[in-house]
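Before anything else, here is the set of structures, which you'll find just below.
Two complexes, one shared chain (subunit A), two partners (subunit B, subunit C).
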Partner chain A sequence: MSERIGEIIEANTNGFTVHCYKLYESPPLGSIIQSGIPTIFGVISEITTEPLDPSRPIIAIGQNEPTEDEIYRSNPQLNNLLCTRLTALTIGYSNNENFSHGLPPHPPRIHSFVYLSDNHYIESLAKSFDFLHLLLSSGTNDEVVSACLRQISQKLPDGYPFLIESGQALATELIGQFPRLNAILRRLS
Partner chain B sequence: MSLDFNKTLVQMADVVSRMKTSQNDRNLRLSLAAKIMKATRENDLKEKLSLAKDRPFLWANPSSELGNGHSPTELPEEFAVVAVDGSHIDVDRHLPVPCSLINIGTCILQYGTQPNAHLGNYPKLYSDEGLYLTEHGTTTREVAIEGPILGFKRTIDEVRELEKLISEIPPTIPTLALVDGSLVLWGLSGQGYPDLVRQEFLDKGILPILANLKQVAQNRTISVAAYVSLPRSTEVVNALRLYLCDTNAVECKRSCSNRMSPFKPCDLPNELLDRELFDILLKPGQRSELFFTNSSIVREHYNGHQIYFFYLNNGQEIARIEIPDWVATNKTLVSLTHALILDQCYKGRGYPVSISEAHQQAVINGSDRQTFKDMLSSALTRQGLPTYTSEKTRSKRLAWL
Partner chain C sequence: MIVENNMAQSNEQSLLGHVVSGSLRDGIEIRMGNQVSVEDIKEGTYVTIHGQKKSFFGLITNVKLMTTDPNLQFSYSTTDNPFISEVISSSMTYGSLSVLPMLTLPAVLGADQTVEPAKTVPSHFSQVFQASERDVEVVFGKEDQTHFFIGNPLDMETKVCINLDELIKRSSAVFGKSGTGKTFLTRILLAGLIQSDLASSLVFDMHNEYGSTGQDRDRGRRVSGLKQIFENKVSVFTLDPENSKRRQAKYDFEVQIGYNEIEPEDIQLLRETLNLSDIAADAAYTLERVLGPKKWLQRFLEMEIDEVYEKAVAWNIHAQSARSLHNRLSRFKRIGFMKPTAIDDSVKRMLDLLGKGKHVILEFGRYGDNLTAYMLAANLLTRRIHDRYVYMKEEAEGTTKANEPRPLVICIEEAHRFLNPAVAHQTIFGNIARELRKYNVTLMIVDQRPSAIDSEVMSQIGTKVACQLDNDRDIDATLAGTSGSRELRSVLSKLDSKQQALIFGHAVPLPVLIRTREYGSDGSYADLTRPSWHTTDFGVETEEELEERLKELF
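Moving on to the complex of A and B:
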C-alpha cells in the first residue's frame, strides 16, 4: 500500500474532500488517489490551503523575515493552524481486484484513510478510457483532465502509447469541440 | 427593548468632555512624575520606603532605581515557549444539572533548528462533590466552587498544566513558561473568604507548584512569568507617592485613599497608572527595573515565594510581567525572560503569540455555551431523566407580547 496522505472529511458519490495530514503535502493535481472499502478511486481536481478555523483571517506577517521559510520557522504554530485540503472526482471503484469505471453505489465513509494509488491499480485503470467521460462531463477544469493523463502516463512502464491512445479517446469524446480538444492535447505534449 | 443609545450617548459625551478638560493637567503631572522617577536615587528611595508603614495604598519595593530602562539581550539559538490559558462555564442554577466546566488551552512552541508546535485543550466537567471544597474529615464546612472561587480553581488548573507542559520540553532547551494574568491571587487577600479557600488554592495550590518549579529550575534553564496586558496597577506610582510624601502615617490614613491624596506634594501622581509612567520612561523593547510586590496576600500567605515584576515596552503597549523570586534573583533568567517575552510579542503583533494561541484553544464562545446546555439536556433525555429550565430563562428566550 502507498503512503497514507490524509482522511476523507466530506464525501458524496461524485467525489470527496480530503484533509491532508501534512501542510502543503498533497499529491499533485491530476493524481489518482484511493480510499475506503470497496476501494474508490478519484482524480485530484483541486488543492486548497486555508486556515483550519475559517473565522481566523490570514494576514501578511513576513515583512521583516529574510525568506519565506523563516516565516514558518518563526511561527511554528502555522503548521497546526493551516491545513491543506484536496478535492477528488470519483472515476471508479474496485471490489476484489475487479476494476469498475463509473460512480460507486455509495460514497466512502468520513474519516476513511486516503492513499496515493498503487501502480497496479493505475495500470488497470489505464486499460480503458471510460473515466474520461466522467471527468469531461463533471464540469471540472480541462487542466485537470490533461494533468490526470500526464500523471497516469508517468506511472506506466511505457506512458507514450497511453498518451497517444488517450488523444484518440479525447477526440471521440469531444466531437465538435475542436478548440477544447486542441487545448487539452497541447497540454499533453 | 434594547439599550437606549440616545440617552447613553449624552452621558458618554459628558464623561469624555470631563476627561478632555483634565487631560492637560494629567499630562503635565505625568511628565513631572517621570522626571522625578528618573532623578530619584536608589538609597534615598529605599530609606524612605523602609520607614513607611500602614498606608492606605499598596506600593512596590524597587530592587534598584525607579526610572531605569534595560535593553533586551540576544535570543538563544534554540528555545521553547509554553503557555496556558483557561476559560470556564460557571454553575448555572437555571440548568437542570448543577455542574461547571473548566477548559484549559495549551500551546508549546519550539524555535531553532527544529521548529515545532503543539496546541491542545483539556475540558474538565465538575459535578456533585467536585462542586464543593470540603474541609478534610468534615461535611459541615464546605464552600461552593462557583463565581470567583471557580476563577481561582481555574488559575490553579492553568498553572498546574503549565508545570506539565514544561516537562514535555527536552531539558537542554531554555524554556519560558507563560500564563495570562497574575501570579498573585489578589482576590484571596482580606477576610472575604474562609481559611479553607486559601488552604486549597494557596497551600495546596499555587505554592507547591511554585516550589516544584523552583526545584525543576535547579537542573535546567526555565523561567516562569505571568503577562498582564494593559495593566491598571499603581504600585510603582504609589512608591513615588510615598517618596514624595511628608505627611505622617496617621494623617495619611485619615485623609488619603488608594487612588489619591489631598496633600502636596504627594498629590502629584494622583490617579496616574504605572503603565503611563513607563510609557514615558521605556523605549520600545526596554524593560524597567525589578520591583517586588508588597501585597498582603504575598506577604502573609506566600511562604517566602516573593513575586517580583517589571514593566516592558513591547513596542505596542506597556505590559506588566510578574516573575517568582528564583527568576528575579538570577540575572540570566531575567534577561532570558525579557528577551523571549519581547520576541513573543513581536511575533504576536503586540501580545505573546503563545498565550494568544493557548487562548484560542481555551475560549468557550457564546455558541459553545449554548451547545453545552443543549448537550446536557440531550444527555438527560437519553437517560430518561427530566430536563427543565427556570421560568426566568424561558422568559428571557421568548420575550412574548
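Moving on to the complex of A and C:
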C-alpha cells in the first residue's frame, strides 16, 4: 500500500469525502484511492479547497504582496484556516483477494485512512470494465471517466490496448449516445 | 453405412457470427463477429448454421456494413482520429451477412436420412460457420457413378458433384454469353455421362468442338475432343468429310441426307432462316400430297421454275409462293451432304450405336455456319431417332424395364433456333422438352440467349447451368420460376466471365456456384477416364466390349 493521503470525513455507499492531510496535496482527478476494511475503492471525482469554517468567508489580502507565494509566507495561519477535500465515487471493494466491482454493502467508517491505490490493485481493477457503468450513471462529469481511464492506462505496462478496450466498453455503455461517446473518446486519444 | 456428421465440431476459426434476425422467405441475417473481416467473405460461399436442434446449410447472398448508431456516418472523428476510428470500428461497426437457408442436415447421415430442403430457420443467436470441405461433401455427395465431379466451390478444393441420374431425367440447359465456357462445360457434362454409362448421348456439334478435337480459343491451343478421351465409347459422324480431312480429324461415318427424308415440317422450322412466308411454307404439305411422300422434294427441285408456275394453279398453290418456295429450297442443292438419296442409312447406324450405349457426335464441318443446314439436319435426325424411341418405348410397355430403350440425351448448341416461341410448338425439340422423359429422351440445350427460348420449354428444364449473362432479360429467363431467384440473381450477376457457373435445379440439392473443373490438360483427361470411384480404365475396352467386338468380327 502506498502513501496515506487523508481521512474519511463523510461516507455513504455511493462514495465518500476525504479530508487531505496537506493543503493542496490531493492526488489528481480520476485517481483511484482506497480505504477501510473491507477495502473500498473509489475514483476521485471532485477536489475542493475551502475555508475550514464556512462561516468565515475568505477575503483578498495580497494587494501589497509581490507574489502569490508571499501571501502564504506572510500569513502562515492560512494553512490552518483552509483545507483540501476530495470526493470519491465508489467503484468496488475487496475482501482479501476477492475483488468485486460494484457498491459495498456498507460505507467505510469515518476517519478511515485513505491511500492512493498501488499498481497491483489497479491492474486487477482494469481486468473488467464494469466500473464504467457505475461512473457513467453516477451523474458525474464525463471528464472524470476519461481522467480515470487515462490514469489507469498510465499505470499499466501497456496502456494502449487498455484504452482501446475501454473505448469499446464505452461504446457498448453509451449505445445511442454517439456525441457523448465521441467526446469521451477524444479525451482519451 | 452410417457416417458421423461432425458438423457440430467444426473448427473454431471458421466461426463467422450469430443469427440475429430473418425469415424463411427472405433469408436470415447474421451478425458477424469482430474477428472476421467482411473483406474475407464472398457472396456465394456456403455456411453451416448450428441451430438448437438441427444444422442448416445455406448460401451467403449479401454482405453488408452495419453500425449500431446511425449518427456514426456523420462523424469526422471516426476517420480523422486513429484512436477513435480503431475503437469505433471494433465496437460500433460490424459486418452482416444475408444467408439463404437451403437445407437442413441430419445429425447423423445414414442410409435413409438425407439432406432436406430447409422448411424453417435456425433459432436466434445460432452460431454460423463457414462450411467446411466435409460439409460440402455431405451435401453434394461423394464422386461415384451417379455423382459426377463438375467443379469446386469458390475458395474451396472440395468437389461439387452433380447427380447425373437427376440430370438426365429431365432436359437440362447450359446458358451463358459468348466465350464464358458453355462448350467446355457441356463437354465436361457429356464426359460425365460417358463415364457413368447412365445414358447414351447424341451431340449436334455445330462448330466441331466435341468430337475429334476442341478449340481453346483463349489459350490458342487445341484440346482433346471426347473421341480422343473415350475412344471406344464415342463415334464421330460427319456431314462434311472434306472438312474433316482438312482438319485431320478422324471420323467414323459420313452422314448424308436424302431429299426423300425431308418432310414438310422440316420446312416449317426453316421458315425464318429461309425467309419464307407462312403460305409458302405450308405449300410444302400440298406438294407432299400431290407429288408423293418421300418423292416430293426431289421432284419439285427437278422442275424448272416455269413448270412450277404452270402447275401451281393445278396444285391449288399461290403461284408466287410456289415460286419462292422453289427458289429457297433450291439452296439445298448447295448443301454438300444433301443428296437425292443418301448412301447410307445414318439414322439406323446411329440408333444401333446408341442402343449399345455408345455416344454419337455429329460434326457439321463447314455447315455449322449455315443455319439452314444445321437446323435441317439436327431436326430431321432427331425426329427420326425420336420416332424410333417412341416405338421402342411403346414396344417395351408392360414388359421389363430392361427392354426399354437406354436413356438418350440430345445435345444442341444454339438451341433457341429450335425452341423459340415461334417454332417450339412445331419442332421435335420442342416436343421432347415438353414430354419430359416419357420416351427416355431428354435434351441438353446450350445457348447464349435463354430469353429467346419459349417459356413453356424453359419451365420444363430440370437443371440449369448458368455462366455469366449480362443481359437482364436473359437473367430473368434463366431464373424464372426458381425459388430464391432474387438472391440467385445477385449471385448470377457477379459471376466471373469465364469458367464459373451457377448450377441449380434437380441435379443439385441446392444452387451452387462453382469454378468449373479444368479441361484441357493431360491430367484433366486422365481424371475423366479414371474417376476416383472406378477401378477400370474407360479408354481401354472392358472384357465385355472385347467379347462383343470379337463376336462382330466372326
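Keep in mind that, in the parts below, the second predicted complex is superposed on the first by the 189 of 189 C-alpha atoms of A that agree within 3 Å, B and C clash if a C-alpha of one lies under 4 Å from a C-alpha of the other, contacts with A are read in each partner's own complex, and residues count from 1 in each chain.
The working rule: contacts are C-beta pairs under 8 Å (C-beta built on N, C-alpha and C of every residue); 3 or more make two chains touch, one makes a residue touch a chain.
All figures in this text were calculated on a predicted structure; none of them were measured in a lab.
Undergrad: Answer with clash or fit: subunit B and subunit C placed together on subunit A by superposition.
TA: They fit side by side.
Undergrad: Which holds for A:54: it touches subunit B only (first), subunit C only (second), both, or neither?
TA: neither
Undergrad: Is A:105 contacted by the first partner subunit B, the second partner subunit C, both or neither?
TA: Neither partner.
Undergrad: Which holds for A:157: it touches subunit B only (first), subunit C only (second), both, or neither?
TA: neither
Undergrad: By the touch definition at the top of the document, which applies to A:77: first (subunit B), second (subunit C), both, or neither?
TA: first
Undergrad: Once chain A of both complexes is superposed, is A:167 in touch with subunit B (first), subunit C (second), both, or neither?
TA: A:167: touches subunit C, not subunit B.
Undergrad: Check whether A:66 is in contact with subunit B, with subunit C, with both or with neither, and answer first, second, both or neither.
TA: After superposing on A, A:66 lies clear of both subunit B and subunit C.
Undergrad: Report, in whole Å, the shortest distance between any C-alpha atom of subunit B and any C-alpha atom of subunit C after the two complexes are superposed.
TA: In the combined three-chain model, subunit B comes within 48 Å of subunit C at the C-alpha level.
Undergrad: Please give the residue numbers of subunit C that touch subunit A in the complex, ascending.
TA: It comes out as residues 68-69, 71-72, 75, 77, 81-84, 86-88, 90-92.
Undergrad: Using the touch definition up top, name the residues of subunit A that touch subunit B in the complex.
TA: Touch list, subunit A to subunit B: 53, 56, 61, 72-81.
Undergrad: What residues of subunit B sit close enough to touch subunit A in their complex?
TA: That would be residues 107, 109-111, 115-119, 347, 349, 353, 357, 360 of subunit B.
Undergrad: Using the touch definition from the top, list the residues of subunit A that touch subunit C in their complex.
TA: Residues of subunit A touching subunit C: 163-164, 167-168, 170-172, 175-176, 178-179, 182, 185-186, 188-189.
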